[in-house]
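Both of the next two complexes hold chain A, though its partner changes from chain B to chain C.
Then we have the complex of A and B:
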């Protein structure tokens, strides 16, 4: 475990050098949020009107949280890195290292996005307050619950993207699979809560990764309840296990067929 | 003069053709890229189905008009990224001294630099654009107008990328500014302008010309207007000329890094 903490720490320290880039990158997040804020302002003729159980303030905060989770993740970069590792043969250097490649990806990527996550969270909260002039009703416990589920959501997303990246063992470029995964999460999990979809679709979405990587933490932020917290946490633990298992199986199968030329 | 222009077009066409042939060497990856880009774009239809289940009209657009807006955004993006991919990494080319190899060629430096590579997935964007046009309702006139507007839009997006990328001739670290500027136009392009008000709406028709690239063409395709069509064409000529002027003004400041690279 200590070696993964060390990988996390070194990635974190190295990313401290790029704080300026993170602030400039935040501008993209600001624009996206600004567009969605305008969209929801247009859709709600009265801010107190309830659409599918959410008022305008709740919908905006929901989007702020899901966008923080999504924009912090840097999934495209992670997928591209894994694809390049497999295609370029770099993955061979990991075979004789005293760490597990999946653990390395998880701890390394968590370290590389930790500062970004912190900055986006603080600035996202400030932006939300400026847009809406209020915060949802929160207490210490609900804040902790959102933080815990937010970190677990990020870890699950990293594992799922690592799994997609490892598809490069089978098809040379796995990036297109990531685009599709990214769009599904973005459309079905970031812009709307599950309650916005037709009733027959809701059970499928509740059992899908969307529930654990975006809906769960955001729902707890806008409408906290102990029951929701328990079910989100349980689902996240199950998904964490499934994600790790899938990555390990794919990696083991892939390296068996690995053929690296050159030196 | 005309022969020089003709030769330049011929060279640019051949460069793009060979770049495409290079990408097609791995056919599975090439086709996967295109198909997945179409699916990637199509996934956004779900978002609009949900929004239109709440209201019949979003920002003054009907559902079919939003589909056409998506088609326009994908088409302009496709033209710019397929034919002029390198315009979007111009900062990196300038900062790393990679312009050297283009300076010794007896052709236009800017066109040579930005047409050396193609983005295969952008073909998926182009196909998606025409699928959206057919869903909107396609006639021969609309097909021609749509094609013209995705070309003018693609040229404007490329011109903006060249202008932002050329800032690297004068300043450091402008690659981040160029990336943010380029993503601005893409982000606004897929939402109806009716949801924005005041200064922002003004900006969309001036500083961030998404209005001229995307919104006006949708108006013209819905109801033909010669004046608006001419505004789009005029603004395209203005932006492209401005991009050339700024690039060549900056090029005078360019200093070689003695970088040795082989272009195959």
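Then we have the complex of A and C:
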């Protein structure tokens, strides 16, 4: 475990060089939220009106949380890096190091986005408060629950994206698959909560990764209940296990057939 | 006891073929064609503990593929490998704790971090207790003279300094075998010499077995006592450096500056390497002709200056590569 903490720490230290870039990147987040905030304002004639169980404040906070999770993730960069590692043969140099590659990707990427996550969370909260003038009803338990599920959501996303990236062992370039994944998460998981979708679609979404990577933590933030927390946490543990298993199987199969020419 | 044992090792690669142009590209999607390349063909060798061995060959000879199989990066198709009695194919992780690798063309250090932080990182990766890592860093800092830049981010180091740090990073876990793949590539002659001295010192101090590949004859000549030459995936020579030179010592290079122009042609035992009128460079095969014979051909009274030397190791190796390619 110590080695993965060190990988996390090393990536964190490396990424401290880019704090300014994170602030610049936040501008995009601000624009996105500003547009959505105005959209909800237009949709809700009365801020206390409930649409599919959410009032205007809850909808805005929901998007603030899902967008923090999505924009912090840096999924495109991770997928591109793994694709390049596989195609360029760089992945081979990880093989003779005594660590697990999947663990390396997970702890390394978590380290590389930790500062960004922290900055986006603080600025996102400030922005939400400026837009709405209040926070949802929170207590120490709900804050902890959101933090835990938020970190687990990010870890699951990293594993799923690693799995997509490792597809480069089979096909030449897995980036288009990431593009598709990104769009599905954006449309079905970021802007609207699951309750907004047609009834027949909701069970599918509940069992899909959307429930654990975006809906869960955001729902807990806007409407905390121990029941929801337990079901989100359980689903996240199952998804973590599945994600890790898929990545390990794909990686093992890939490195067996690895061709690294030249030198 | 041999620390590295390689028996009947073979490795083939499947390379995709593509015909030229758009038509070829489309065809390769629906009906891909592959070519099988035999990168390593049935090679055998052993390396003893504490040896510094040069594993050399021209580009595409199979040396990097062999190193990658020895370090567990690639799986062999056939044959057996034992490094420190560990099979790299079956126990890659166990092997990783006992070997070190430096690939001159591949950075393993974190460029935004200082060498010190990098060394701490490698210590953690290899599960070494903090106190021991600190002690090892201090020891290697002295040995590799890193004091001046140990707290400077790696991205700000010169290539020579970086390579020194790369080697130190690969030694933190006290490996018994160190694989160096072109460690002096791109370095200037002074820095190269410095790196060689440090490698020698390390070998002497820790008795680390060193398996070196390099295109730089200086590395091979100054560091290794034994050389294995690989070409077209096969071992074409496995001998001591002394023997290698001795067998080729029958070839002498005569460089002469003449008073008057001499017209010489190749003949048995004598090869004209360079003829610039007044300046001549000839190779004499002393098995066939004596150096005195060659001098007679030049006419000693006509010679202003002369230098007779052994064939440089670089030429010896090139000749071996060429002879094997011609076979």
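FYI, the second predicted complex is superposed on the first by the 263 of 263 C-alpha atoms of A that agree within 3 Å, B and C clash if a C-alpha of one lies under 4 Å from a C-alpha of the other, contacts with A are read in each partner's own complex, and residues count from 1 in each chain.
Following the convention adopted for this analysis, a residue touches a chain if its C-beta (ideal position, glycine included) is under 8 Å from a C-beta of that chain, and two chains touch if they have at least 3 such contacts.
All values reported here derive from a predicted model rather than from experimental measurement.
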Under the stated touch criterion, which partner chain does A:151 make contact with: chain B (first), chain C (second), both, or neither? neither
Just checking: does A:242 make contact with chain B only, chain C only, both, or neither of them? Give me first, second, both or neither. neither
More chain A residues in contact [chain B versus chain C]: B
Between chain B (first) and chain C (second), which does A:123 come into contact with in this model arrangement: first, second, both, or neither? neither
Kindly classify A:2 by the partners it touches after superposition: chain B alone (first), chain C alone (second), both, or neither? second
Of the partners chain B and chain C, which touch A:132 in the superposed model: first, second, both, neither? neither
Contacts of A:233 with chain B and chain C, given as first, second, both or neither: neither
Residue overlap on chain A between the chain B interface and the chain C interface none
In the complex formed with chain A, which residues of chain C make contact? 13-15, 39, 63-65, 67-68, 71-75, 92-93, 95-97, 99, 101, 103, 105-106, 108, 110-113, 117, 120-121, 124-127, 181
Contacting residues of chain B [partner chain A, same complex]: 26, 28-29, 32-33, 35-37, 39-40, 43-44, 46-47, 50-51, 54-55, 58-59, 121, 173, 176-177, 180, 183-184, 187-188, 191, 194-197, 200
The answer for chain A against chain C in the complex is residues 2-3, 5-7, 10, 13-14, 17, 90, 92-93, 95-99, 256, 258-263
Under the definition above, what is the set of chain A residues touching chain B in their complex? 20-21, 24-25, 27-28, 31-32, 34-35, 38-39, 41-43, 51, 171-173, 176-177, 179-180, 182-184, 186-188, 191-192, 196-197
